[in-house]
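Take a look at the structure set out below.
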Amino acid sequence: MNLAKLWVPAAAVIAAPVFGGLIAGIDRKISARLQGRYGPPILQPFYDLYKLFGKDPLAVNRWQPFFAAMYLFGAAASVAWLALGGDLLVLFFLTTFTVGFLVLGASCVPSPFSRAGAGRELLQALVYEPVLILVFAAIFQQTGRWDAAGVWRQGGVLLAQTPLLYLCLFLVLVIKLRKSPFDFSASPHAHQELVRGVLTEYSGPFLAMVELGHWYETALLLMICALFWSSVPGSAILVAATVAGLIFVDNLFPRLTWRWMMARIWLPLPGLALLNLIWLMV
Amino acid sequence: MGMMKHLMVRSRRRSLWMMHFCLGGCNGCSIEIMAALTPMYDLERFGILNTGNPKHTDVLLVGGSVNHRNRRTLKNLIDQIPAPRLIVAVGTCALTGGIFNEAYNIIGGANRVVDVDVYVPGCPPKPEAVIDGILSGLDKFEQ
Amino acid sequence: MTVSVIPVGPQHPVFLEPFQLKLVVEDEVVSEALPRFGYVHRGLEALVVSKDFRQMTRVAERICGICSAIHGMTYCRAIEKLLGITPPPRAQMLRLVWSELHRMHSHLLWLGLFAEAMGFESLFMQIFRIRETVMDILEQTTGNRVIISVNVIGGVRRDLDAEGADGIRRALKKVAGDLERIRPVLVDDYSVRKRTEEKGILAKERAYELGAVGPVLRASGISQDIRRTGYGAYGELDFEPVVESGGDCQARCKVRYRELFQSMDLIRSGLDRLSDGEIQTKSKEKPEGEILVRSEQPRGEVVYYIRADGSKHLQRLRIRTPTFANMAALMDLLPGLDLADVPLVTLSLDPCIACTER
Amino acid sequence: MLESTSLVDADRLHSHAGNLKENGWRLVGMTGVAREGGVDLFYHFDRELKMTNLKVETEEDETIPSIGDQFPGAWIHENEIQDQFGIRFDGLDPDYRRLFFLEENVEATPICRGVSARVSKEPGK
């Protein structure tokens, strides 16, 4: 094991939340401009996060801080693993565990809003997990490699062969980052039926931990997106376009219901991904 | 250490998550607070975000006068807000009970139940006054 | 099957006001709903004991901030009838203009909150941006944004000069243009329709039986509008109530959207027919007798009952507000709804708790 | 005196209300007005923008039949009257038992001038 290699994941663990926070700040600024407002400064999410760490720690029970920490750890570990160029299948299991801790943290409290949010979070996982695994399978099909480092070195524009898959991945991103129309488990906008759902019962530093974990997840998903055009300028363009698309979709739709998601998205989404995969194989 | 503290004060001043709770009033203050969130006034440019969840709240805007039933609700809400917190009474009713002070179900202003930091007078106060009220309370975070 | 009890309120981001709905939920479907009121109850009807009948105008305006102009007008109309005076025609027409402007601000507020209940932040912001035009014109012509306090017993407190009238016309033109631009999103958009169509259907007969009023009743296909009784200056103007037949959230949204245009028409023709003259009829008498007066508020019919015995203080003031009547309909709608639709359906009735509890 | 108001006995209220319902009248509201030794109850009905009223003169603490079975929207009006005047309604559903708008420490208040208001207020905080 080459110790020098550890610099890369260490740098990624530090850089990823900065990146994720910046994305959140840009998102809030552009959304505000789209809505005809001036909007907060780009660094607003960092002020929010730092302030949250300075609030009184009020935990509902002993498990809640633990699950929040595990969620943060899981998300950070996933980023580190991907930066290390690790196996994509292991990454898949890591992300599943990460979401599991979020759901556990939300269901260990008595609040019905939090529990309902946890249930919806699980349903969301049910929708996007199959797509993620199909995305990884397609990457393997195209490059013959399971490890991210190999995929990156292979280079090339995966996007050219996998437009449908990328569309599915984009929808996964919409779901994962809780953008409209799929923002029903823990929307950043307050006025909704579940009062932030999964995050209802978190407060102060624990909420900050979950928020930080969310930034790691944002960075992770965008890193996966970057694999589809593995060259530095290419992936930069791809990620920027994806983020812009996310912001527009968020502002173009109202929130729909999870019933609608299960009826209209659950099967078609992996179906579309599978179609692309079959096309790659033949 | 000094720098961390300085940064914390700065963050607290820049990032206020607010919640408004309307008590026994006419609702006029409530809609002016809503108006303060929207494009013309845009509270978010000061980092003020409407949360609607006491556990995420830094600043509570109280509108309307306290009556016998909502007294306990208000107290419960305040207890759920983690310190440091800012409590702003918006509108004449929240200040003194206002025009309804003599009504049989009214106890009085918000200060009968909680310790109010900033009073914003007006019936209802204009959104500018609400914004000014919140921002003038920020010095509380200096300590 | 998981059964849980979800207390929505007293503090909930979707409701501006404290009001609790205890929902018994089975697998995110509401099976039972129990409301709890009293968080806003002030007992202002009893204020007649300490405030004289002229001061009560200001109390009536503060029953509810969203419908304050029409509350004030209805109270004044009731007292004027008891005193046996009629306000001059110019005052009547000015009351109509300001009432309809107030209706517009209320409906725009509702449209905005409705968009927000759907989670449609950008539409919410756009609608509130449009609303500010109306608020500005209210402030320009009356000096206040929300509680405009223009009504006094015998007429109105402020006059409107030609410049003010032109300002209103210009503002209306702007609002009409802006509203036309959001129409495709509010009415035709797929995802908005998905959220609003066939949600919370109130059948025609049931709506009538439950005593629903205002846009809720009209969205269920019943043409009822108290303005048609021709009180004040409404008798001089020609208009038809806005009626939709769906009875669902979509229909209620459409009724209010179309009523905005109706209000604009009423204001325009009101301004055109504005006659010159006094704006107040003075009277030194004290009210005596018993009276029942109705008006059409943004949320529907409001009923004032007043009993007076010729002294400075009224004997009894009773106000039946529109949301008070619509509450029964709301409780009838909730069971069987998906949890995600509860805020939307509740909001579609435009509940005003400050009105309900007084 | 209000226009088109008919005075009815409490025990004939049901049949009168039933008549009105069959003829397509809609319950608009109820008003209680306290007088010495009792309460005047008004039931307001509307049909095509015309109003008619029923008036019931009750004694103190009398129980009146609820018209909730004929007009399903009546519960909210009756609960409020029950709070403010102390009249009981028979067959009221849901029945908040005088805790509809008021807390236990605020007693029923006949809200009318000339009749003393009984309110016990405990201090705040």
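Worth pointing out:
Going by the order they are written in, the chains are A, B, C and D; count residues from 1 in each one.
Methods note: a residue touches a chain if its C-beta (ideal position, glycine included) is under 8 Å from a C-beta of that chain, and two chains touch if they have at least 3 such contacts.
Please read these numbers as outputs of a predicted model, since none were measured by experiment.
Looking at C-D and B-D, the interface holding more C-beta pairs in contact is that of C-D.
Of all chains, the one whose CA centroid is most distant from that of subunit D is A.
Spacing of subunit C relative to subunit D, judged by their CA centroids, is 25 angstrom. If you average the CA atoms of subunit B and of subunit D, the two centres end up 38 Å from each other.
Note on chain placement: the centre of subunit A and the centre of subunit C lie 43 Å apart, centres being C-alpha means. Subunit B and subunit C, compared by their mean Cα positions, are separated by 26 Å.
Residues of subunit D found to touch two or more other chains are 101-103, 109, 111, 117. Residue numbers of subunit A whose C-beta contacts span two or more other chains: 35-37, 190-191, 195.
Across the assembly, subunit B contributes 38-39, 50-53, 69, 104-105 as residues in contact with two or more other chains.
Because contacts link the chains in a way that matches no line, ring, star or complete pattern, their graph is best described as other. Inter-chain contacts occur between A-B, A-C, B-C, B-D, C-D.
Residues 34, 37-38, 41, 43, 45-46, 48-49, 208-212, 224, 226, 228-229, 290-292, 294, 301, 303, 305, 307, 313-316, 318, 320, 324-325, 327-329, 332, 357 of subunit C are the ones that touch subunit D when the two sit in their complex.
Residue ranges of subunit D in contact with subunit B, taken from their complex: 101-103, 105-106, 109, 111, 117, 119, 121, 124-125.
Every residue of subunit B that touches subunit A in the complex is listed here, in rising order: 7-8, 10-12, 14-15, 17, 38-39, 42, 44-47, 49-53, 55-56, 58, 82-84.
By the touch criterion given at the top, residues 31, 34-37, 112-113, 115-116, 119, 180-181, 183-184, 187, 189-193, 195, 251-260 of subunit A touch subunit C in their complex. Within the complex formed with subunit C, the residues of subunit D that make contact are 1-3, 26-34, 42, 44, 49, 51, 53, 71-73, 75-77, 94, 99-103, 109, 111-114, 117.
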